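Structures follow.
In the two complexes that follow, chain A is the common piece, with chain B as its partner first and chain C second.
After this line comes the complex of A and B, so read on.
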């Protein structure tokens, strides 16, 4: 695709990576993503194929796992989202279709969702202004996944590390609305200029 | 009466302010204005405490009678001292002076008076009070009826009512936050603090909220002693311990105002109301949704007044409030004070008054014999004690100047005073226990309602549970906190309850003073007197809920917190019933007033709902596209060019361009669902009414989905990309519902099918390229390896292709316009670039961009159904698709769709219309009436659903449902539109206005 005359554009018209005391936010779009759902009666075979290809066990509850060069996010019973860096024209739809042929239905989602990373000691306080679920370390925690909403926008979210760092994936068309809310929530959380 | 020589010193600039004591910060003096005059106060003051410090008691005029009213309480129960605060866009009416905190430059204005608080013209209402009794507007202004709207109501509203709202948009921000906790402690008084300490020490998560700026509750108000030290020291230590724990959140200036299901509570935090204006980007108020596994309600109690003659005179104040002003704010509200009580707690006010240098004129105790507490106070202070006596009437107008007391022997004496401290006992603040329907329970010993059945997982601590003494409050709070965390699985811990006095809670009820003169008010804010309650009783409104609505008692912003129990006690007395027999009204949220802005939070103006932007949005705006909201999406509706005078002009040009050359339209908003699995074909056959089994790979077909009841649900296209791989589209409006429907079917109806359903709506930027030159245009985009000639890529062909040098794409030969047309999809990140490419490539073909207006015109010209026809009432037969319904398979909606009524030939069905007078405009919504019959409901033959000006025909056209429509082609009927005054003759035609043979789509 390096030869193509089409260049990708960001879904965000006004969200730049931002770092403030206690919180950093960063739009992340350079991913290849695919969702896949196990075929009837193919769950164990699918899990084995993924184990062999990527060295991880597909989570059976709302969790994410990090495999070799790939992350799997639980999306629902027998359904996952695979995410990888979009380097060297990597295309997870193509890759997974080969690796799990006959075991799962694979659908390209590289462009369907965009991800925003929210990180730092104030992250929970900021997210509580739009996300209704409990993000306390004892309840959510690293690698936890939730399908919920942020400021009335449906999101899939997960915790990456204990900083804490969260990532929220939303449908592309909501990117600007989400960013508008997030920037307001950040501005009202960080200490105001005196 | 001079103050005693040894009385504590005062601030020379604030005549009623003590030089020491209270929580105010005397190191800073701040200025504020009240009705234009400047006064001084300190940080830590409320507006009420600062006014009192300046000797001002008169704060407003009453709602109905415009009687002068003063500050009566020191909390959110205040019915009288309601002010307009601030000016301009931040002007807020009906703000309780007893809650609003003072800040530098605050501007406060009294309400409901004209021209001034001192001289109010409308107080003439007071002279007319015989006609302003309860229910007066139901009776007095009944006739003639037409005068109500024009004359009576506006006049009454001007005369009554309070305050003025700001008349420009609220400049402040609000936000909503969710908090989760193991234990929510409601109230930061002694009981709440003990509960929070007990819960926090077990390591559980705790949120403690308090309405006031400073924690401590009545321990501060009463200057109590805890563990031998001033209560404020203990409070400070408790606060520091709580603040040091990472899992404890302390919310000050926050009132929990509602109890909801599932341990959910709503609270409002006054983040910046104590500041001149909020900090940059920070909210004025914050709405908390608190989800708590357990809650400890330690909401305290509210003192009630005693009903006697002219008991609303400014300077008649609740005894507990008098103590609050002395102990919390260092303000002595009056210098010569009569204390009137029916209980021991009220009598303790004497001690605080004497200590602060006030002269206690008398302690009037309605109980015949002095209690031990009262005797002790009387002998320690040497004040005059009148037992078995009552205050029958206050006198003075804008400030009380004395009272008439009826002594135990029946003699009437006059006492001069400038403050009457009244206590009729205390009502536990049980409101939050009743929001889910809990019935309060009467306690005869304490003479108050206590919480009855509690909401799930709530427990009580302190005076809300009837534990009025400080000792009981501390130990009750500790026990409630400890048991809450024990129920959440925490290890039991030992809590040492600090030492405090176990004061007497003895009370003998006195609700109103018999044989009083003057007006005796029960509900101050709504101007309801004891006579109104008697009137309600005489007219049959004896049930408490009737009493409330007939008199408006308890319906103001204070929720009648000082009024309700007195009122029903008086009703009980009049009807010779007990209080429990009389009953009590149940409180509803909100416990305190909540700004609407806080309920909206971030979601106001453009942020009311999220906005979805299609992939070409930015480009469309650059092109001057005018966008329209379709659901959450913003879609271009037309692209005006220079010289076009309105949208219709533009839409005509866009239609003509598509029909003669080529146009491009963003259709990415259509729902797209990827359906895979070995049973995908079977699954789709069951959810669509038409046959899909025969759909070959590489082809698309139009399909309709029915609801279970046989009514049309949605339509779209089904494309087949492989043996077990389909890709369907839904309408934009139904995208989410259709996906839900499909998931329901696969998960619940047919879990045995091997089918996987995944939404792909947002993965693809999809553009319709329509018109005779569409293929030529696309040949500039589609990589040359792919044959898109009419032979190689005929109508209804679909394929996976690449564009612009290797970008994966999908091409669908579909047409909504009736022209040769394609839909081309690329991964959405390339959507903007592809649109720009198409635009560039289209220049040589005279291409235009078109929006939803032209799209709508062209589908009407072709008789394609859309939202107005897919309206949830129509069957496939109604819309002319009866022939598509399969007779050889089962599918959702088949059985109920075959009911006789659904197939009745009398049902109006789809036909087209054109005006007989070709220059006439058509309007959707018009009803069809045959010529020569009356325009009545019986003669209604159907209605027009969609209309458009057809550039291809040069006149207006319409689609609609007409009884026996297809057999009436050629008939002239009336399109009758009484709402808009339309009555147009229209000709019934086939619902296709362009290319009737349908040859153009094939190229």
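After this line comes the complex of A and C, so read on.
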């Protein structure tokens, strides 16, 4: 039998990286992602283990921090999402299970969720068409995290930089529905897209 | 109606699920009076006007269980606390009365 290598397929069947005046959209590919939740009574020990391994403080409110190439996103009380580029076959589930053994439950999310990056001066205006929270820079700034819904699709979103750049993560099977909404929102906001 | 999640901030009602009275406690099924206790637990509710303590679940948000103190006549919410803190007796409303 011939050797075969499995190649990951994008969950977005129609969404290509798009750049328009004021907004750019890009599905993120090739990342490794794992969620982890502190064990009962293990929260402080878990925070210490992450601090020692990655030099960052796990956020206790809806924020993100970056340490050693890993983005840690607050995912609810005592829960986080860790995301990194899958370079050199990096696998966060394996890595975190070693680092926080006995302190937290670690679950791979790499194939379960997709991430879309939305950036540019019009990003807020476009996202505000479907996200029911206040995205004004005074309220939702760099490193802010929100778990909410966009066009009725559950999303975890965070702001990466002041461009502003946002990333939204959702369950993989919603990728096309979300992309459909996003492109409609862009078309009704950006004159060049219509 | 909007509920201020202690973790996420103020969010619209559509992110939450109402999950009933936060003051009732599930009876012991092994008790000799279990049948009567469960009838009382499941069916006998006062449904009075005024302030209620209610369980709400932040389903489309951080998945936290909350105890919301709400006046069912006016919808005015006077407290939102993590249900975990209420169960452990560490909620701020409990410290006040301790």
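Basically, the second predicted complex is superposed on the first by the 187 of 194 C-alpha atoms of A that agree within 3 Å, B and C clash if a C-alpha of one lies under 4 Å from a C-alpha of the other, contacts with A are read in each partner's own complex, and residues count from 1 in each chain.
Following the convention adopted for this analysis, a residue touches a chain if its C-beta (ideal position, glycine included) is under 8 Å from a C-beta of that chain, and two chains touch if they have at least 3 such contacts.
Quick caveat, the model's predicted, so the values are computed rather than measured.
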{"item": "Partner chain(s) touched by A:188 [first = chain B, second = chain C, both, neither]", "value": "first"}
{"item": "First (chain B), second (chain C), both or neither touched by A:151", "value": "first"}
{"item": "A:130 touches, of chain B and chain C: first, second, both or neither?", "value": "first"}
{"item": "Touched partner set for A:178, first chain B, second chain C, both or neither", "value": "first"}
{"item": "Of chain B and chain C, the chain that contacts the larger number of chain A residues", "value": "B"}
{"item": "Chain B versus chain C as contact partner of A:6, first or second or both or neither", "value": "first"}
{"item": "Partner chain(s) touched by A:108 [first = chain B, second = chain C, both, neither]", "value": "first"}
{"item": "Which superposed partner A:37 touches (first chain B, second chain C, both, neither)", "value": "first"}
{"item": "First (chain B), second (chain C), both or neither touched by A:61", "value": "second"}
{"item": "Which of chain B and chain C A:98 touches, first, second, both or neither", "value": "neither"}
{"item": "Common interface residues of chain A - those touching chain B in one complex and chain C in the other", "value": "132-133"}
{"item": "Contact set on chain A toward chain C in their complex", "value": "61-62, 75-77, 132-133, 146-149, 154"}
{"item": "Partner chain A, residues of chain B touching it in the complex", "value": "173, 175-180, 205, 279-283, 289, 291, 602-603, 607, 609-615, 618, 633, 674, 676-679, 725, 752-754, 756, 758-765, 803-807, 826-834, 837"}
{"item": "Contact footprint of chain A on chain C as seen in their complex", "value": "7-9, 11-12, 14-15, 60-64, 82, 84"}
{"item": "Chain B-facing residues of chain A, complex", "value": "1, 3-9, 11, 13, 29, 35, 37-41, 79, 104-105, 107-113, 128-134, 136, 139, 151-153, 171-178, 180-181, 184-185, 187-188, 192-193"}
